[in-house]
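One chain, subunit A, appears in both complexes that follow, with subunit B as partner in the first and subunit C in the second.
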Partner chain A sequence: MTADSAPLPIAAGVRARLAQVHPIVPWLLVLLALLPLPLVLPNAYTQYVVNVMAINVILAVGLNIVKGFAGQVTVGHIALMAIGAYASAVLSTKLGLPFWAAMPAAMLVAAAAGAMVGIPSLRLEGAYLALATLGLAESVRIFISGTEWLGAAIGFEGIPPPYLGPWALDSHYAYYYVAMPLALLGLYFSFSILRSDIGRAFKSIREDALAAAASGVNVPKYKVIAFVISALYAGCAGSLQAHMAPGFLHPNNYTITEMITLLLMVVFGGIGHIWGGVIGAILVTIIDDLTRDYYEYRMMMFGAVIVLVVIFMPRGLGGIIDDFLVRRRFNVLRGARQTPRTDVHAA
Partner chain B sequence: MAIDMKRTFLGLAAAGALALGTGAPPAHAQDGVIRIGVTLRMVVENGLKYGQMAKEELEAVNAAGGINGKKIEVILLDDECKPDKGIANVNRFIHQNKVHLVMGSTCSSVSLPMVDVTAKEEVPQIVPHSTNTNVTKKGSAWVFRTSVSERFYAAVHAKYLAENAGKKVAYLYTNDGAAIGFANDYMAYMKRTYSAEPVYQAQMQETDLDFRAHLLKIKSVGADVLAIGGQLDAIARISQQALEVGIPSKVRRVAASAASNAPVPELAGDAVVGLIYAAAFNCKDERPVAQAFVKMVQEKYKVRCPDHDFSQAYETAQIVKQALTAAKLGLTDATLKADRLAIRDALANVKNFTGLASGPINFCADPTPQCRDGNRTGILVEYTKGGKDFDTKVLARVSFEPDFGL
Partner chain C sequence: MIDYAIDLCIIGLSVGMVYALVALGISLIFSGLDIVHFAHGEIYMIGAFIGLMLFQKLALPYVPTLLLAVILTGFVGVFIERVFYRRLTRAGGGYTVAGMGMVIVGFGMSIVLQNVAFLIWGPKPFPFPVPFGRPIELGNLALPMSYVWIVVTALTLMAALHLVLRKTMIGLAIRAVAHNKDIAYLSGVNVPLMISTIFGIACALGAAAGVLIAPINYVQVQMGVGILIKAFAAAVVGGFGSLPGAVLGGLLVGVVESLGAGFISGTYKDIYAFVLLIVVLMVKPSGILGVAAKVKA
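Then we have the complex of A and B:
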């Protein structure tokens, strides 16, 4: 069993019972369990960090789809987030759309951009695809920096928070109830995709595109689908970032440094492991926050973590979980073989 | 298997140590202490020294028993000139550290969203470096600025150059906030005052290295003035390349206030001779207060000629200390809101503060740029020598009315 196929880390007995109910039920239980979290957090700043974590989880889970499931080397994901963020900001400030309409629309804009990013992947692979997507990321950032109606290098201000009737969800506590359910929803869909035909097609492309094509998988189509789905996640994360108080966007938030941080989340968690990506996003957000006091050495520490993870945990936390599960199963099987077959002796 | 386990353990230990071990425990708001959160762009040339000086200046009162018997605690963070980092820092200051005052930031693009946060949470904020006009135009009752606003800077050099060089200006600037502000305000002033349109304008990337194509075009349009907007490396590079392409010295060159930073003359060498810029302070200032400051920076921070980011960080710390002395503070959890209000009101009462700035600094209660842009005096400085031992001279000193440029 791999971490991919385990929807929730729960005991086998409990899972057997849950198998008899609708797959959404465990997720609703998790949602219910997470609802009171703001009540136990010590202050609004911690709440702010948790909201950033939720956004990072969406982003990392989305990147995992294209990178982990479909095996496409992209380093331009941060640009898709920027596109989603600015699309949502423009739709809500210039066209007056509420957040609840601006966010899905921004996700579609990001998805369209994702399809455009996906097209080069039909002809490019590995380092060449990485370079192409890196070029896209820089182009988007530079375009924003030079476009006055997007705030250029001064920044895009005055993005309104989401409203629930007359109530503005502009506090960190209130925003949690927007960001957290969306992160859970993203996770749920990620597992659904992985278990579907599309997910299997992604994994077959990742393992061997030629063999997948020989087996009847439409490789170009599924590559573009992977980029589009991944971009939907990035658009959602971008929109959430845009509408979080104080509602300010700036191209400096979408540089290569942010992209490396995002890659670290996925690599740390384990490429291709959904739960690993989630844990990676949470841990990297915490590390980012804790190292802020050590600004002189912060980037050095971040670099050290990347190097250590690559050397000692090349498959990330997800790989460790996999190894543990495989080893446990192996030990169980070996134990079973070594047990004397009393029935034979009896005969 | 054993080796794998060992490697995994080492990897997890390293990451875990970083995530848990090295993190500072959340600061607990301690009663009886004045807490100030400072966020600046630190990891750049002299950035750490600006922050270090602001912290040391503020905490220096502790050795003498504090302010009215109360100690000052400064929490210093780097925002890397990134708005999301600045927003995170100010949220941490306000909600976790429970600061009484926020000081920051360096970059306008960071100060702008910080103003929204401090206004909403009702925490006084004093801006030491940012020059973008909009910082105080947002109408926040909680923001004060000690740096000179771009609306004043633009006029300092625009008026001087229009009268002494000409009105045909070519603009070459990079796409960072300060450079765009510099170019836009200069263009607006020339259009408003002299109906003069740019003879050439081009915006480049902050990371661009080669500006020669634009400079050759500028050479051919017969400009009187070359206006250079950018951070220090761009200014140095453009100055040097302007010389290389043969733009004659009779074309006066003017740069954004980042030109006051020492790396500009050090990188560009003698190509900076004749380059002028507006600033808030010059290390050749002969006033005793200025010379004492220069000597202190030379001895303590090993900087030969401190620029105006040093002087403004220092000045801001002195103004904060004056306001804290005047404010009646309870300094308990229960009085936090009232203390923040008292500090804001004390800052609004700072009148005719005379220090390193070239003119007096005045604040008042209205949440308008007229009241909150405290420093309204700019100086115009010209480089007379480049290289490590660069030299400058002050060409003009101009003070403005509070509503100038609005």
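Then we have the complex of A and C:
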């Protein structure tokens, strides 16, 4: 309906040519195009913001899977990120695992937590699920800030950066080459998931769980799968956040404020629209950074934008983009069919 | 040991009364409008601040402060409902996509209200000193008067709500709206007005809870975040949409939390309510007094 439209508004000829090559080729081209980005960025701080952007894209894409595709109202996604981040931190500092082992392990831990969030979703719907996930998120944060060996309220410090052979990827520039490919990979997988039978099952559950069950979709199974997949994304984002340059985690990074920011990315971009979510994540990260000095006004603005977007623009940016594409395609078709009458409906 | 437990139970019951008031509001909105109001914690916070302003700036005595704060916050609630929520509820509430929109809007509204309050009153916690007099001696327990006030006021408000819902025409109309909006409309009930009334009453109850807890805790901008989850836990434990259930759930949450903080660990005090919530959701999602069929109010 919304999400599975054409990837990017590229010219029809190029699209026809791309259809002949393997679907991963355009992604590799994008990867190549994004590789020299650190060269044009003015300073390390901008690079840091770009890395945060990549992490937020992973997070928003993951949230979109459970919220947009499968239609499950979860507001505790930030807790899964916290679990991933702290799991990765503990594994790499206490057990001495390298980043490349700690990150998949942290993703698995987050996925287990995601399954535990998903199991209540089998019995709970809508608002109840929102409550349960909100409660879980707050509990995780309170647990972290009350537990000594997780750094309690002081924070968890000394998380090592990833090593590539002898090189420590401890600068923001080097970290970009970890975060950006992972973000693209996540994006690629989310399209694959959406196109697969799992994605179709998610969408059928979103539209009508009862009808989906009647058509042979194993609703409980796919609900849990949706939560697990989105938790994998959140765990990956959390792990990336943990190992980024200062190597420092604080429970206050996972409050309701952060959840609102994350929610804004998905809502503003359009729930259930992958590219919308990506654009939302990038825009919100930029705005978040530009308005850093106006902390109190910023959260008020974010909240107000969420309220107004849901009321007046329920499909978000993605909806606007879709409408634009559909209208353009329609106009092209009409123009091709009715060439003699262009004077009447020229616009 | 037993004394200590009784002490904890008494504290838990009186704090539970406050949870019950907030939970009543949430349950009332749910039963009337089929939506979950995620900004109710902030209504409670704003009620407490309005009470504080009346108490300090206008130097009113406690009881008029309570009443005025309750009425003013009720109107704040009606305003929010009319201006923002009406557009969504008109499209149909419930669990569907409109329900998800409502959850998100409530979330956004809560952050907006919190930051508006932050701009007005700042991050500092304010004391709310009410001279209640000496604690009551019960055997070897000393019961502070503020707890007695909470219990008495909360019980009065609950009784008043019960009487309004059961004995007056407005109460009948509210219950009709909660049961079926279309049929209520056909029977001549002014449904939009009743929805506003429900919202106003719910917000007034939240404000009462805020003003009641203020003399024990401080009044601060963050106070709405914690109570939201506890009140939700209370509402769900008792059975969502059931008003006696909300009261029972509130008391249960208060006692469990108080006993947990006293006997297990005070650090994780805020988690016990959630554990109770999860257990109830797993075992009996409809809650203690909830019924599987959709009979409400």
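Just so it is clear, the second predicted complex is superposed on the first by the 318 of 347 C-alpha atoms of A that agree within 3 Å, B and C clash if a C-alpha of one lies under 4 Å from a C-alpha of the other, contacts with A are read in each partner's own complex, and residues count from 1 in each chain.
The definition used in the following text is that a residue touches a chain if its C-beta (ideal position, glycine included) is under 8 Å from a C-beta of that chain, and two chains touch if they have at least 3 such contacts.
Just so it is clear, the model here is predicted, and its values are computed rather than measured.
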{"item": "Partner chain(s) touched by A:Gly303 [first = subunit B, second = subunit C, both, neither]", "value": "second"}
{"item": "Subunit B versus subunit C as contact partner of A:Leu34, first or second or both or neither", "value": "neither"}
{"item": "Which of subunit B and subunit C A:Arg123 touches, first, second, both or neither", "value": "second"}
{"item": "Which superposed partner A:Val75 touches (first subunit B, second subunit C, both, neither)", "value": "second"}
{"item": "Partner chain(s) touched by A:Leu290 [first = subunit B, second = subunit C, both, neither]", "value": "first"}
{"item": "Touching partner for A:Ile311 - first (subunit B), second (subunit C), both, neither", "value": "both"}
{"item": "Which superposed partner A:Ala112 touches (first subunit B, second subunit C, both, neither)", "value": "neither"}
{"item": "Partner chain(s) touched by A:Gly155 [first = subunit B, second = subunit C, both, neither]", "value": "first"}
{"item": "Contacts of A:Ile142 with subunit B and subunit C, given as first, second, both or neither", "value": "both"}
{"item": "Set intersection of subunit A contacts, subunit C complex versus subunit B complex", "value": "142, 146, 296, 299, 304-305, 311"}
{"item": "Complex contacts: residues of subunit A adjacent to subunit B", "value": "42-46, 48-49, 52, 142, 145-146, 152-155, 157, 170, 172, 241, 245-250, 252-253, 268, 283, 286-287, 289-296, 298-299, 301, 304-305, 308-309, 311-313, 320, 323"}
{"item": "Residues of subunit A that touch subunit C when the two form their complex", "value": "67, 71, 73, 75, 120, 123-128, 130-132, 134-136, 138-139, 142-143, 146, 256-257, 259-260, 263, 267, 271, 296-297, 299-300, 302-307, 310-311, 314"}
{"item": "Residues on subunit C engaged by subunit A in the complex (per definition of touch)", "value": "30, 35-36, 38, 84, 87-88, 94-97, 99-105, 107-112, 114-116, 118-119, 225-226, 228-229, 232-233, 236, 240, 267-268, 270-271, 273-275, 277-278, 281-282, 285"}
{"item": "Touch list for subunit B against partner subunit A, complex", "value": "4, 7-8, 10-12, 14-15, 18-20, 22-24, 26, 42-43, 48, 77-78, 81-85, 87-89, 91-92, 94-96, 108-109, 112-113, 116-117, 120, 132, 134, 175-177, 179-181, 203, 205-206"}
